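Pasting the structures in now, so scroll down.
Okay, so chain A shows up in both of these, paired with chain B first and chain C after.
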Partner chain A sequence: MGKIRFMQGNEAMTEGAIAAGARFYAGYPITPSTEVAETSAIRLPQVGGVYIQMEDEIGSIAALIGAACAGKKAYTATSGPGLSLMAENLGVAVLGEVPCVIIDVQRSGPSTGMATRPAQGDVMQARWGTHGDHAMIALAPSSVQDCYDLMRTAFAYAQRYRTPVIFLADEIIGHLRERCVIPDPEEIPPAEQPDAIGNLQEYRPYDHTNGLAPLAAYGSKHIFKINGSMHDQMGRPCADPQNADQVIRHLSEKIEGAKDEITLTRAYRMEDASYVLIAYGGTARSALSAMELARAEGIPVGVLQLVTVWPVAEKEIDAALAQVKAVVVPELNLGQFIGEVRVRNRRNIPVVGVNRVDGKPIEPAEILEKLREVMA
Partner chain B sequence: MLQDYLLEENLPHFWCAGCGSGIVLQSLLRNIDKQGWKREDTVVVTGIGCWGKADDYIKTNTFHGTHGRALAFSTGIKLANPDLHVFTLMGDGDGITIGGNHLIHAARRNIDLVAIMVNNLNYGMTGGQYSGTTPRDAITKTSPYGHIETGFDVCRVVQAAGGSFVARGTVYDVVQLNKLIEQAIAHKGFSFVEVISPCPTHFGRSNHMAAAVEMMRWIKEQTVPLARAASMSPQELEGKFVTGVFENSQREDYSTAYQRVVDRLKGEAG
Partner chain C sequence: MKKEIIISGVGGQGLILCGTLLGEAAVIHDKKYATLSSEYGVETRGTFAKSDVIISDREIYFPDATQPNLVVCLAQAAYARYSGAVPKGTLLLYNADEITGDPARAGCEWGLSLTSMARAQGAAATINIITLGIIAGMTDTVTLAGAKDAVEEFFSPKGQKIVQMNLGALELGYQTGMQLRRAASA
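Here is the complex of A and B:
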C-alpha cells in the first residue's frame, strides 16, 4: 500500500534516489535544487551513504564519477549554471562509460538569469552540453510522484547503458509540493544490479563485443583502467582511427539503438485526437489543463507527454504527426525541442510553439489560444 | 619487484630525454611495491599533462580524467571506498594552476591519499607555456619577454590549507625523494609531495638549459634543504627550491570523521 506523503519534488528526488540504491552524493548548492542537497545531507549518512559538498560543480561531477568507479550509485543536483560547469566532466562519464545521475532543476538563464524562476532552457544543454559526438539520456518529471519513481528509472538506465543520465527537472516540479506515494520497503523491487563480471581472466572494461561490458568496481578482484581519453578495450590510450571511429559510434549507438526501451511517453486522450500538444516536465501539466479546457469546448485534442526527452521518442512523435491536423509544442524556452518535431513533420502540418522566457509558467489558456489559432 | 607494478607492455614511455617523470615513477612504484598490498586495492588517478601519462605505465587500477580534476575524482573514489589506497598524480598545471581549488579543498578536508605533484615549472605537453609555478623572469612560449608573475610556493599553499603531510623533493636527490614518498604513504591524511623536475625540452631550451645535464645541475644548485633555509634571508631564498618535510602532523582524516557520524546515527537509531 505504501505511505502517502505530502512532499516537495526535490525531496522526492532524494528519496527516490536512495530507494534506487544510491549511496553517494557530491554537489554544490544552487537554487532551485538546494533541497536535494539538504535532504541528501540528512538522509545519506542515515543509510550509510556518503554526502559531500564539493568546492564547485566541476569537482562535484568528478567525485560522482570517481565514486561510481568505486562501486557506488552516485547522483548530484544542480541547475543550469552548474550543469554548464559540469559539461567537461560529463564527457568523462560519456567516454569513460561511467554510470551516474545528474539532476538539473532548471531555472531561468542564460548566465545567473533569474535564480528562483522556472525555465526549460537546458534542453539543448542537456543534449549537447559536453563536446564531441555522443548520445544522452534525459528524463523530465512532471509530478512529485515522477520525481520519486523516475529516479529509479534514471539509475537503471545509467547502469544498463553505462552512461550519465540527466534528470531534467524544472523549478515548477522541484519546488512543487503534492501527494506522493512512497512504497513500503518490501514493495520496492531490488535495485537493478550490474551484470556479474564472472571469472574473466582478463577483464576488459571497454570490450563490448558480446554486449555492453559491465563496469567493475575499484577494490574488486579486477584491475582495470577507466579512461576519459580515447582508449582501446583495455582502457589504454589509443589514437588508432579505426578504434576511435568504433568507440564514438558505439557511444551513440548503445543509446540511440535502444530507443524503444529508453523512450517513455504518456498519451492522454489521443484515441480521437485531431490535435496534439507535445510537452514535457512542468509544462506538461499546463498542456493537460489546456487539453481539459479544449475538450470542454468540444475540441478533439490530446497530449503526448515526453517523459524521456532525450533520446527523441521518434515512434510516438511520428504516430502523433500521422494522426493529427496540427501540433502545439509549449516550452519554457524559445523552442528548443520543437525542432525535433519539425524535422519529422513529413506531411507538413502546422507545428507551432507556445514559448515563455519571462520566468513565468505557461498558462493553460495561452496554449488553448494557440490551439484556436492553428485551428482557424 | 618493480615489474609487478610497471606496465612494461606500454614501454618505451612517452617522456622526452632528460624529463624527470620516469625518476618519480620508479620511486613511486618501488615504494608502492614495498607496502605488500594487493594490487587490486590501489587506484592511481592522473590528470592531464606529461606526468598525467604516468598511468599508462602502471599495473594497478587507474583513472585518467580531465586536466586539473584528479583530486576531485580521487575524493569520490576514496570516500566511496576508504579501504582503497589512492594516489593522485598531477603536474603543476593540474595541481596548482587549473586545479588549485581542488588542491586546497582536498588538503583542508584531509582526504587520506597521497598526492604527488611533479613541478616542471611549465606546461610541457602543450609546448612550454607558463604555469602557476613558472618563476618570475623565466622565458616561456607565452612569456617571451620574461614572466612578470610570481610562481606559487605550492608547499606553503598546501600547508596553509591544512595538508597534514607536506614535503618537497627533487628528481636530483632520489634518495631523499624515495624517503619522502615513503613517509607520505605511511602518513594517514592528505599527504602531498611536490617534486621539482626538469623539462629541458621546453623550460630548459627557453632558459639556456637545453641539455638535460644543465637543467639537472641548475635544479641541484637551486636546491636548499629546509634546515639550511632557516638561516637564510627571504632575498637569499628567492627562486630557490627548499626541500624537506614542511608538515607532518596528525589530524583526523575525512573518511574517519565521516564514519563517526554514520556510526553515531546508527547508535541513535538502534
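Here is the complex of A and C:
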C-alpha cells in the first residue's frame, strides 16, 4: 500500500525521480520549481546521488548531458526563463541522443513575467524551443500523484528513446499539496536499465540499424564522441548529405513512429459524451470540475486528458472529434495546443478555446459557460 | 462532505503552514482527501497571501475555493479583499487585534482577538495554530486528534517546549471554534 502523504507536487517529482533511479541533479533554482532543487539537495546525497547547484541554466543542462553520458539518470528543474536558457543545449541532447529529464514548472511569462503565478505558456517552447527538426516528448502531470508516478515514465521514455524528455508541469500542480501514495521501497520495481552493449568489436553509438543503439557510458571501454555537430555512426563530425538526411529523419521517426506507446491519455465519462473538454496539466482539474457541474445539469460531456502533450495523441483526439458535436479546449495560454485539435477537425465541428493569461487558473464555471455557448 | 476554507493574510504569518497542517490532519490522520493551493507574491513577507484548503470524502478536482464555507482574515489587506465579497452563508472571521472591521458588517462577520490569545499562549507566532484549532472546532473538516498529530509531528524537531506551546494554542483555538459553532447555530 505504501505511505499516504500530504505532499507538494514539486517534492513528489523529486521522490519520483529517485524512485526511477535518478542519481544526478544539476540546476539553478527558480520559482515555482525551487522545491524540486531544495528537496533534491537533501534527498540525493542520502541515496548516493549528486546534487550540484550550477551557475545558471546553461551550465545546468550541460552538466546534465555530461552526467547522462557517464551513465547516470539525470534531471533538472526550471521554469520558462530557465528553459529559454537551456534551449541551445537541449538541442545537443536531441542530436546527441542523450537521455535526461528536464522539469519545467511553468509560470506566467514572457520573460520574468509573474514568478509565482501559473501558466501553460511553454507548450510550444517545449515542442520547438530548440532549433532544427526534431521530435520531443513532453508529459504534463495533473496531480501530485502524477508528479511521482510520471517521473518514472519520463525516465523510462528518456532511456528507451534516447532523448531528453520535458516534464511539463505548471505552478498549479508544482505548488499544490494533496494526497499522494509513496510506495514502500521494496514495492518499487527496479528502474528501466539501458540495453547491454555486449562485446561489440566496434561500438557505434549512432548505428540504429537494429533498433536504437544503447548509449555506452563515458569511462567505460567504449570510446565515442558526442557533440552538437552532425555526426556519423561513430559520432564523428560528418556533413555528408545522405547521412544528415538519415539522422534528422531518425530523430523525428524514433518518437513520432512510437507514438502509440508514448501517448498517454485519460478518458472521463466519454462513453456517452456529446461534448468533450480536451485538457492537460493543472487545467485538466478545472475541466474535470466543469464536467461534474455540466453532468449535474444533464449535459453529456466528457474529458479527454492529454498526459502526453507531445507527441500529439492523434488517435484519441481523432476518436473524440468523430464522436462529439463540439470540443472545448481550456488552456492557460492563448491557445498553444488547440491548433493540433483544429487541424484534425475533419467534420468541421466547433472547436473553441477557454484561455486565460492573467496568472489565475481557469475556473470550472468559465468552461461550463463556454460549453453552454457552443451548445446554443 | 466537502468543505472549502480560505486562510488569508500577508506573507510570513504562517498561513501556508496552517493549511498544510490542516491538510495533513485530514489526509494522513482522518483518511480524507484534501488539497491546498496557495497564492502569494514574490516578496518573502508583507504582501497578500492566502491558502485555499478543500477537504472532502472523495477526490477533489479543481483545487481552489469557489464556494468557501469559512474565510479567515489575519491582515487588513486580506480583510479588504474578502469582506463583503464572500458568497452569502460564508462565515468570515478576522483578527480584531490587527484589523479594523467594517461596523456595517458586524452582524455577519466575527472579530476575534487572536493576537492577544496567541500572546497568552506564549508567542504571537502561534496565531496560525490557534487558527487551525478554530477551523477544526468550527467545521467538520478535521478531528482534534488529527490536528494534534499534525502539530506534534511538525514541531517535534524544535523541542517539547515548542510542541506543548503549540498544542496549547491548538486546544485554545479548538475550544473557541466550538463556542463559535454553537453561537452560529443558535
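One rule holds for everything that comes next: the second predicted complex is superposed on the first by the 376 of 376 C-alpha atoms of A that agree within 3 Å, B and C clash if a C-alpha of one lies under 4 Å from a C-alpha of the other, contacts with A are read in each partner's own complex, and residues count from 1 in each chain.
The criterion applied here is as follows: a residue touches a chain if its C-beta (ideal position, glycine included) is under 8 Å from a C-beta of that chain, and two chains touch if they have at least 3 such contacts.
On a predicted model such as this, the values are computed, not experimentally measured, just so you know.
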| item | value |
| --- | --- |
| When both partners are placed on the shared chain, which of chain B and chain C touches more of chain A | B |
| Touched partner set for A:Ala365, first chain B, second chain C, both or neither | second |
| Chain B versus chain C as contact partner of A:Ile223, first or second or both or neither | first |
| Touched partner set for A:Ala322, first chain B, second chain C, both or neither | neither |
| First, second, both or neither for A:Met124, with chain B first and chain C second | neither |
| First (chain B), second (chain C), both or neither touched by A:Ala239 | neither |
| Contacts of A:Leu334 with chain B and chain C, given as first, second, both or neither | neither |
| First, second, both or neither for A:Val343, with chain B first and chain C second | neither |
| Chain B and chain C footprints on chain A, overlapping residues | none |
| Chain A-facing residues of chain C, complex | 19-20, 23-24, 26-28, 31, 33-42, 60-64, 66 |
| Parts of chain B lying in touch with chain A, wherever the complex brings them together | 10, 39-41, 43, 45, 48, 53, 55-56, 59-66, 69, 72-81, 83-84, 101-102, 105, 258, 261-262, 265-266, 269 |
| Contacting residues of chain A [partner chain C, same complex] | 4-6, 31, 115-116, 172, 175-179, 285-286, 288-289, 292, 361, 363-365 |
| List of chain A residues in touch with chain B within their complex | 24, 26, 45-46, 48, 50, 52, 54-56, 58-60, 62-72, 74, 88-89, 92, 96, 217-229, 235-237 |
